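Structure incoming, see below.
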Amino acid sequence: MTAYTEYLWFQTARRRDYVHITPQVAEIVRKSGVREGMVLVSAMHITAGVFVNDNESGLLQDIDQWLEQLAPADPHYRHHLTGEDNADAHLKNLLVHHEVILPITDGRLDLGPWQAVFYAEFDGQRRKRVVVKVLGE
Amino acid sequence: MTAYTEYLWFQTARRRDYVHITPQVAEIVRKSGVREGMVLVSAMHITAGVFVNDNESGLLQDIDQWLEQLAPADPHYRHHLTGEDNADAHLKNLLVHHEVILPITDGRLDLGPWQAVFYAEFDGQRRKRVVVKVLGE
Amino acid sequence: MTAYTEYLWFQTARRRDYVHITPQVAEIVRKSGVREGMVLVSAMHITAGVFVNDNESGLLQDIDQWLEQLAPADPHYRHHLTGEDNADAHLKNLLVHHEVILPITDGRLDLGPWQAVFYAEFDGQRRKRVVVKVLGE
């Protein structure tokens, strides 16, 4: 069994942003040498997520607006009594989830033609990290 | 380590549908010969998902109605400027997620008594695919 | 390859509750002896979930209130025609998901500084179970 781990760093210019990371994940899979296995792509923060969807800019705006409707920024969260102002980012993270696990077949990410991997930032403008761990052989 | 992969194909008669696939997944686990490990069940599309819940027809209707409330079909999504009409299916996919990973213990799916695996179709009436990958030994 | 499995049992005093289980998961990882791999933490019920977020009591109350807004208790779900009264718990389970998979690096849970693992109970006051399965070497 092979295990291979890398960390990706992000610092987005905007508070909320969606970064397409399929090429980086594919390159880590290639470097691992794993032919059959899985790769875990997991945000190491509680105000950022990782998801798989379509790399279409209009849809990414729809997703952002929809997340803001379902988990709106609001000053009245209890979490803000601690001095934080980002409770909405925690809720958005719960909605899209912090991790995906992707199949590797014949040495490649076994994704459908439109599936793309995104880092979803909900409280950015600071350095944050994603762990990518390949397991297989 | 053993890796064993199969693909399941679906073409639902309705635009939205929920297909119980525990028997197919259990059969793939059996064929893999894996006694201890995990199985990834992952939709290869961005308008379909996989989830675990109760195989009760009333509840599945409740789930469908609730998803339509939280992520409604609507002509005004930006994604539709590309000519698509299925932005709601992308959002529903984000809500229920596109994959689950299930434990295998003593050669069997290690699920609770009421846990059933579903393929969730949000933009059907065409052929779509799920990858099932078993990893273990 | 090593596979190591334990089950955690819960019986919450309240119908809905959030139990911090990072220490138990970390101890199971330690006992497994796995240095590089992944651990699956998965509720074996369809009315309970597992998620990763911040261990801050105000935020946990925000999360609980938000889940009740998005997936409210209500007598009118179709599922209740079967005699059940917990359809909202099924929907909350779909929102937060029933499982997480966490990386293990150098023999430890490879989590960010604020990431904590929670068992989320949505229909408690009875004994329920979580499977924790470590895979790696």
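Order as written gives the chain letters A, B and C; numbering starts at 1 within each chain.
As a working rule, a contact is a pair of C-beta atoms (placed from the backbone, for glycine too) under 8 Å apart; a residue touches a chain by one contact, two chains touch by 3 or more.
Quick caveat: nothing in here was measured; it's all calculated off a predicted structure.
In this structure chain A contacts its sequence twin chain B using mostly different residue numbers, the overlap staying below half.
Annotation, chain B versus chain C: rotation angle of 120 degrees from the Cα superposition, expressed as a multiple of 5. Rounded to whole angstrom, the centroid-to-centroid distance between chain A and chain B, based on C-alpha atoms, equals 20 Å. Within chain B, contacts with two or more other chains are made by residues 1, 70, 95, 97, 101, 135. By the touch rule above, chain C contacts chain B in their complex via residues 1, 3, 5, 40, 42-46, 70-71, 77-82, 87, 90-91, 93-95, 97-99, 101, 129, 131, 133, 135. The residues of chain C lying in touch with chain A in their complex are 1, 36-38, 51-54, 56, 58-59, 61-63, 66, 70, 95-97, 100-103, 105, 110-112, 114-115, 135-137.
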